[in-house]
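Chain nomenclature is as follows: A, B, C and D, assigned in order of appearance, with residue numbering initiated at 1 for each chain independently.
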């Protein structure tokens, strides 16, 4: 279980390979990459976080996933902060497990919880100026499923 | 929408990057990698397919995913055939979409359908000899959810 | 009518070959009828009806699916890819 | 008691600074009481109760969560990461 908050970009293929390295019990790796979308003229965004609390909350989310799906063998969460442009990668969640069901479920669970519980805030830049992104009710609904 | 059946290995990170290339409407890439597990003393396996029909059935599965989730922007399916060892990658499914819900759903749907509808057969090698893998009822149940 | 029949995986190994060219004195027949005919001709592995699947012209078929001249009919065990 | 209060994102910009060291003549109080006190002290952005979240010692808190000497209390809008 490894968690990083960083300004640097990541290599999803390398991260998936690391989840598999040296293991013979893994049959499935489910992963997710979040990307900056160019909706509504967005050109870039800046991600702010709460140093200390953000790391703790991601560790708690990951620990909860491992408790719910004990067959999960390894997981990795990377979340970038700072200024990112359209098309840039924001977040990576990778889960390795024996079978696909638990890998998919844990990966989606972590993303849903991260969206509603981890202290990150996005400020978008458009031609019209900058604006803080508003939280979406659909994210709360997604997290409430679990 | 791109589908490959090949003996060669693949680079999941490169495939995810290709799904994103040149797009500004993608906010989510969900992907899955299936791997040869070492359960029960399995050292290697050989994957057989039905040339012609396998390609058609994967194209049909992918087309059905795009029909069910029209917001899916791009998808990629790679399935290896031939002899693979424990820890080797077997299958890659990557789905790029606007938001994570549709990307996860389409990715999991494709895997569930691929497992029950695409003509591939696995023959495992253990110290005790070789044996054809039996189909799992849980895979039929997973495909019947959709 | 002439048909091309294919066998895959464990069925291919049981039959001992990858396929057969079959000639029959009928215009059409069902997948189930074709399977019974081939089993009766001595392909014993095709007698185990429950575990076999079939495709006609590379599309998944049911026992009642109709087969005609020139069709490619495949028999195989349940798939185990992914 | 002494508290360290932090503000994040749009709230930090509205307040105009990242935090305040606060001294209060009480032993304990709730997050809601602290917020009301700070709003009354002139931090108007803290008056918009509905849209704000809080954390105590870096754990998500409720309005009724109790706060004591030395605690770190953060106020911020709903999170929008991922």
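We take it that contacts are C-beta pairs under 8 Å (C-beta built on N, C-alpha and C of every residue); 3 or more make two chains touch, one makes a residue touch a chain.
Remember, predicted model here, so these are calculated numbers, not experimental data.
Shared contact partners of subunit B and subunit C are absent; no chain touches both. Each step here moves to a touching chain, and the least such steps from subunit B to subunit D number 2. With each centre defined as the average position of its C-alpha atoms, the distance from subunit A to subunit D rounds to 27 Å. Rounded to whole angstrom units, the spacing between the C-alpha centres of subunit A and subunit B is 22. If each chain is reduced to the centroid of its CA atoms, subunit A and subunit C end up 48 Å from each other. Here the CA centre of subunit C is 72 Å from the CA centre of subunit D.
Multi-chain contact residues, meaning those touching two or more other chains, occur in subunit B at positions 34, 100, 111. Looking at subunit C, one finds that residues 82 touch two or more other chains.
Remark: the chains found to touch one another pair up as A-B, A-D, B-C. The part of subunit B that touches subunit C in the complex is made up of residues 34, 47-50, 52-53, 56-57, 79, 90-91, 111, 114-123, 132-136, 139. Contact residues on subunit B toward subunit A in their complex (touch as defined above): 11-17, 20, 23-39, 86-87, 98, 100-101, 103-104, 107-108, 111, 142.
The residues of subunit C lying in touch with subunit B in their complex are 6, 8-10, 55, 58-60, 74, 76-82.
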